[in-house]
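Down below are the structures I want you to see.
Both of the next two complexes hold subunit A, though its partner changes from subunit B to subunit C.
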Partner chain A sequence: MATTKQHSDSAAATIVISGRFDAHQVPQVQQEIDNLQASGARFIILDLKDVNFVDSSALAVMVRGMKRCRERNGELLLCGLRQPVRIIFELTRMDKAFRIFDSEESAQSAVIAGL
Partner chain B sequence: MHVAIVTTYPPGKGSLNEYAYHFVRALRQKSEVGQVTLLVDELPDGVPYPSASSELEEAPLHIVPCWRFDDVRNAWRIGQVVRQYQPDVVLFNLQFATFGAGKVPASLGLLAPKLVNLAGFPTMVLLHNIMETVDLRKAGFASQPIMEKVIRIAGNLVTRAILSVDKVAVTIPKYVEILTAKYHTDKVLLAPHGTFEEHFPEPTFELPPGPRQIMAFGKFGTYKKVEILLDALRILEQGGRSDLEVVIAGTDSPNAPGYLQSVQAQYADLPNVRFTGYVAEEEVPRIFGEAAVAVFPYTSTTGSSGVLHQAGSYARAAVLPRIGDFAEVITEEGYDGEFFTPDDAPSLAQAIANILDNDDRRRELGMRNYMAACGLPISDVVDWYVLHFDSIIAAHRRRSAPDDQAGTAGSQPRAARV
Partner chain C sequence: MSARIMVVEDDSSLREWIQFELTFEGYAVKQAGDGLSALQELRAHEPPDLILLDVQMPGMDGYQVCSALQTSPALAAVPVIFLTARAELNDKLTGFAAGAADYLTKPFKMAELKARVSALLRQTQRNRTIGRQEESERANVEMDEAATIQRTLMTCTVGTVTGVDVVANCKPARLVGGDLYDVHPRPDGRLSVVEADVSGKGLPAAMVTAAVRTMLRETTHAISSPAAVLALANRRLYDDLTEVSKLVTVFVAYYSPSQRTVTYANAGHSVVIYVPAGGTASIVEATGIPFGIFDEADYGEETLAMGPGDLLVISSDGFAEAHNAADEIFGYQHLVDVVDAAANMAAAALYEHISAQIADFVHGREQSDDQTLIILKGKE
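What follows is the complex of A and B.
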């Protein structure tokens, strides 16, 4: 499941994802990201603290989202990675490609501080 | 960025040519990529490669034939051409027999990535198979134990050379674990194989009129052997199934010239066998779409199966060998099939019958493979590669100019071409 929280700064928002982030959930998350980018959000935080599994299609959504955020001089940030999810990122070396934070608060602070 | 790729490529018939075609097609669409140069194998009789067309939003493609199968000079020749074209990054699309059937040219060719990297070029390798999981004897690369040992030692040395470059991608999670543990490296990463179709046609399970086609696809003669499939056909027919046809779709492996011709002669008494020869890209949908079942008559596995990805994209049920970790690997990817014991024709016949005699099972397996194949288009996989290219280009710049501002990495958006 994915729910969106808009920040007071409309250029930033958080999408909270829970459960298995896999091919079945990808369309909803992709739609949330598309909606936010269409409404002007340049910084998107994906809160993964309640995610227990990601597959390659979920990683692809995150890569696409990051690419589009950067094209708009923004960024897609990740936070709250649990160990099973972190292993996938390390296996693909995507842990070096993304900005990853322990919590949504620290990710938000980074956005406010201009990364 | 200017990306150079060392690979086989159509109309060349070397292994991985089709993968390269789809990878390059996707790569040229990326805004970060300004130019793609392919360093490809020379075609027989000096036939030139066709000029590559460029759509408005595609990076131009330049094809440079500069190496030859079984030539001991390949690594040197490739290095020369890389120096000439000065790409920002070089990707090698390889499997262990890419550069030759002979062990010496094959091994020497695999030193090319290291030589290019030592010359100062950011270098990445996509390695489709690893020595550690290949049964060399069954795959046709070693007939004696002593030869197998020699090949394994050489393989270890070559693997170490490959692992010395900036990054090495493999397509199976277990390969990352094996290489990382054995060679104590942090350069290996997982990149999914990806599927070739961007927009998958709606799956269809209707079969054409006529005999039900049992199809095997690929390059045959090393670890893909079809005798067992033809023996299985005899068993199925003895069981009362008279409406079957085996379709062998593909050609000899470059490492086994003349193989299919010898099989044709050996099984000349079987009337309902069709050898298609080389299958052009535009014929692939028909070949898969008409098949009642796709069979994988492998005696060994050397990596994730691109043919299985294709079969899945056409919603075909699959019959698969139970070899080593192959079943585990493809299940991890979401595929499924009926499994048979390698080298066991009755087992293969039973696996095929389980699908042919139960249409619900055929459709169920076909749909499952379709869902797995839809998982990740190769265009998404290429996005990952572009990220990796960026990072290794940036790392090279930092190393070569540590006191200067490294700036951003090599990916500059491509200006629109008019």
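What follows is the complex of A and C.
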């Protein structure tokens, strides 16, 4: 499941994803990212603290979101990676491609501080 | 959903009667009192399933309406029953020539009209079902062909390269998939070993593998450094991968029979496992990121011994990430442990062993991702 939180006083909109982040969830997450970008969001946080697995199509949709944020001088940030998810990022070296934070708060702070 | 019928009849009492009776039968009925308004109504809306058409009407007659219908692809497919007082053979022939499916002479019994309507609608339904079946059969035949082509394009040719046993196999989750392997001798006498995994699966991923395979075949043939192969292939594929929102993990290794070594570069491909003869298994880490993330990416290059008994297992993520019915994954460390415990097996036997371990774990749950495995084992 994916839900978007957007507070008027927060620097970045956050999409909270839970469960298996795989081909079944990818279309919804992609839609949420597209909606946020269409409404002008430059910084988007994907909160993965409740995600226990990501597959290659999920990695692909995160990269797609990251590229589009960077085109708009923004950034797609990840936070809350649990151990099984962190391993996938490390094995694929994708941890080198993303800005990854421990918590949503630290990701928000980084956006406020200009990354 | 109830079938939709259009009644075109200038005699309003007959029209109302037909509408009443057919509505009672559960059909959705619309009516028109002359040819021209019938045509306007038919062209403006979704075509009905059947048309009842009077022949003698003021203005446009039924034959003219029917001929006009034949010029529109959507309306030409709608069966027409003519209603007429004319009972001459010639009139009937004119009606059929104009495109009628059936013919009913006035006065008629309502029971007969209903029977003919129902028979024609059944026939249309049957034709639609047959059409769908033919379409799906054609799609199946094409997918089978695509699967054959994809299998044929994956080759494991060792040629005259000595000193190593190689086993390679790919099992897509569907008929075709996003994994590929390619093993072929290079002009310098080394053996090029390539495995790649395009994100996603099925036909969309398979279409990308065709481009990736060509690029890797060309670059591994021409370029003597695996790291340089990855950097160039990523740069060349980057724009297309961005367009289609795909990533590709790639492992490229060159085995040298004279040195008995393997030199590799790894663009995020996992899990690759190395076991030196008599030693313990460990994961061969990526030396750079997958294709399709940055247009300029650098890759490191490492060399491993591939003497007698040394073992390299290159597996796509479909193995370590295989799921069982309880939604648990097989696990990376689990795969390393399986390889470690069976490292003394010959390449072909090890392949069977790993496949059996995975099959045992998933226990009949449908394979959810493509599974590709290359095993290199140094000979005595």
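One rule holds in what follows: the second predicted complex is superposed on the first by the 111 of 115 C-alpha atoms of A that agree within 3 Å, B and C clash if a C-alpha of one lies under 4 Å from a C-alpha of the other, contacts with A are read in each partner's own complex, and residues count from 1 in each chain.
In this text, contacts are C-beta pairs under 8 Å (C-beta built on N, C-alpha and C of every residue); 3 or more make two chains touch, one makes a residue touch a chain.
All values derive from a computational prediction rather than experimental measurement.
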- Query: Putting subunit B and subunit C on the same copy of subunit A, do they fit or clash?
  - Reply: clash
- Per the overlay, which chain contacts more subunit A residues, subunit B or subunit C? C
- Task: Based on the superposed arrangement, let me know which partner A:Arg64 touches: subunit B (first), subunit C (second), both, or neither?
- Result: both
- Task: Figure out whether A:Ser56 sits in contact with subunit B (first) or subunit C (second), or with both, or with neither.
- Result: both
- Query: Of the partners subunit B and subunit C, which touch A:Ala23 in the superposed model: first, second, both, neither?
  - Reply: both
- For A:Met94, select first, second, both or neither according to whether it touches subunit B, subunit C, the two together, or no partner. both
- Item | Where subunit B runs into subunit C (options 42-50, 186-194, 240-248 or 348-356) | 186-194
- Item | Intersection of the subunit A residues that touch subunit B with those that touch subunit C | 23, 55-57, 59-60, 63-64, 67, 91-94, 96-97
- Note on the structure: Within their complex, subunit A touches subunit B through residues 23, 55-57, 59-60, 63-64, 67, 91-94, 96-97
- Query: Which part of subunit C faces subunit A closely enough to touch in the complex?
  - Reply: 178, 197, 199-201, 242, 245-247, 249, 267-271, 283, 285-286, 288-290, 292-294, 317, 321, 327, 329, 332, 369
- Message: So in the complex, the part of subunit B that touches subunit A is made up of which residues?
- Response: 167, 173, 176, 189-192, 371, 374-376, 380-381, 383-384, 387-388, 391
- Which residues of subunit A touch subunit C in their complex? 20, 23, 53, 55-57, 59-61, 63-64, 67, 84, 87-88, 91-94, 96-97
